[in-house]
């Protein structure tokens, strides 16, 4: 088998600033195979955006990788010189953000911005670049692509803006697309359209997608595999059908139980997860979820559980599962 | 008993283009909310659902007198609380309050939480002296520790800011709270906490909620009646269970079918809805939904449909209401 | 750089507050026998045409400089904030009216404005302060108005309107603390400008009348003897 497009192992990231250092990610591991859509699901503060930025090596100053590696097509990108990394961004991996209005330049026409992305390719003439931009816009379903090149971002609706952002990310045909909450600001009908688009793009150009979202419905719709992140740790990972249909970790179960769309009979007493996310400047010694876990044992508080395999490609970090396996 | 009754409410904004009305001297108007009629019973929840651009937030602001409306009428508790252009009577704002979409941005950044949640008392009850006790009571009511009174808005999380917003909205024991996207941007676990809290306050104080949201899963659980809005009009309004079980308007049906679910084996039906909401500047003739409607016929682009009672007992504005959802 | 600036400000403040105790001589003491002393001991910066100690006069002048600088900026700041808040949050017609008046004032050159007011009211310390305030207010009002306009549509202001808060309450309790910060910084940086302005206007004969020792006055008097006693004007330019 070819090496995975993206292989993260043991990644730990620390933020240090004026306050106590925060251990935002701890020993995170995941891999994305060629042509695969992998979902990262987690609530706010789980570190999912930090993970995305770490892969792009775009972390803010103050954040440092304390352990682990990030391999892109077998190359350790954390060791790559900045110049090589810059070449990789866009051509090898590209990122789409939640709000295209802030991620793209509002005072440049979209055509200019798209052609700028291709500046590095000396083989392309201006006409070629233009043709590539038009083709990319057509590909994401923008009507009258040629006429739209001279327009500005604010002249488009929310759904179209996100399509333009995706077209721009795909211009250099990256092998990995990182989508960070790209449907969060969209209405359901537009969200469905964008998810359909992502799936088609994957099928057509075979690019892998790392799909980050807190929306379980969106994850269910397009991800082949799903990684559940809680307070900076991967607590469960596996095929999406298994994660959403036969979750093993108490946090995953609790998170799914909270989703109102899964509750058939209307209720005004919705399930919640009691307690708060732990303070990551001093993460607990044992299991990260122990304090809120309904089934916590004494060793959950004292010992950190190890990753155990509970099915094909389905791993869980939980003492209760270890016990069951013994 | 009907608490709030809205008839033919229309909100319009003047069109401001480079030379709009410069030559003719006439102003063009675009109707953001056009002709909404609704009734809300005391102590119940009515949800207004729709996509962005449907005018649901503008409608909420018009009810609070924050946006003037061009025509229509508003009856609260048997009286008209304010004229179309003008500030609402203080007595109305005493009984009606609003929860805003962005929980942190709706709190004055340089005031403490304690000062913020007692602001309604400072405005409406200057006779009240023991504000500290009131602040404590409200914080406990919404499940926040009492020492939160000393904190500032930027020191609390989004979910906590929501609770503060709710505490401030119910401070004066209002009879109606207008909640604009009360769970937008919240994680599912926190979303449940806020919704449960709202349901509890309704049960205890019999406050009515007018909930504006795009989250249909929330609507299904929380509201007694549901109104689906499209381009400034209500296309379907009825008891929540009936609207969800058998939506009669093609847009309502498509919206409900497009709702994502994380249940394995659930397939959402997005195919029914192509394209995006038309610009209110170029409102389609006839039924505003006809360019996207899978069941549109020539009549739909010619005349706008009038509301009629559907088979399920909901009020539907469609020439050819569905008998059953297409996907069942 | 910051520390150097702080030291200089501290020296000025100490000189202004403890002036009477620090000054080696009485700044008003005329001693004709000691006139036109070049800098030497005990007259460290020399004496002027009336034999008055220049260092002592400078120290005494710092009190006026600081006092005039700070108090005029403070008054102008308060006036500017109030006008700017009213223009930004009040009714539209009032905004137009206030901006028209303030822009008109802004358009008049400083010296012309000073000459006009002095002609009308006669030269005195009060006149000088009024001139400076009138010059400063439009700038602060514009800043406050712009900040208010950008904050007016913030959701917390809309939320307050929905609670039924009065205009005055929104302006004073909620808008003021949010817009005051940046304007306060601009105002504090204006204090030295105002001191220079005071010296400049006095030098032109519009400010503090003699024999009050102000920095501008020292310069003006020194200018007459620039050929015979250059140290007077040099020392006067020191601060």
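Worth pointing out:
Order of writing sets the chain letters: A, B and C. Residues in each chain are counted from 1.
Methods note: contacts are C-beta pairs under 8 Å (C-beta built on N, C-alpha and C of every residue); 3 or more make two chains touch, one makes a residue touch a chain.
These numbers come from a predicted model, not from an experiment.
Any chain that touches subunit A and also touches subunit B would be listed here, but there is none. Of all chains, the one whose Cα centroid sits at the greatest distance from that of subunit B is C. The distance from the centre of subunit A to the centre of subunit B, with each centre set as the mean of the Cα atoms, comes to 31 Å.
Between subunit A and subunit C, the centres computed from C-alpha atoms are 57 Å apart. With centres taken as mean Cα positions, subunit C sits 53 Å from subunit B.
Looking at subunit C, no residue sits in touch with two or more other chains.
Residues 43-44, 157-160, 187-193, 196, 214-221, 240-241, 244-245, 254-256, 258-263, 266-273 of subunit A touch subunit B in their complex.
If you check the complex, the residues on subunit B that touch subunit A are 51-53, 158, 187-193, 195-196, 199, 214, 216-218, 220-222, 240-241, 254-255, 258-266, 268, 270, 273, 276-277. Put simply, subunit C touches subunit B in their complex at residues 154-156, 158-166, 169, 173-174, 177-178.
Across the complex, subunit C is touched by residues 61, 64-66, 88, 90, 93-94, 97-98, 100-102, 105-111, 119-120, 122-124, 168 of subunit B.
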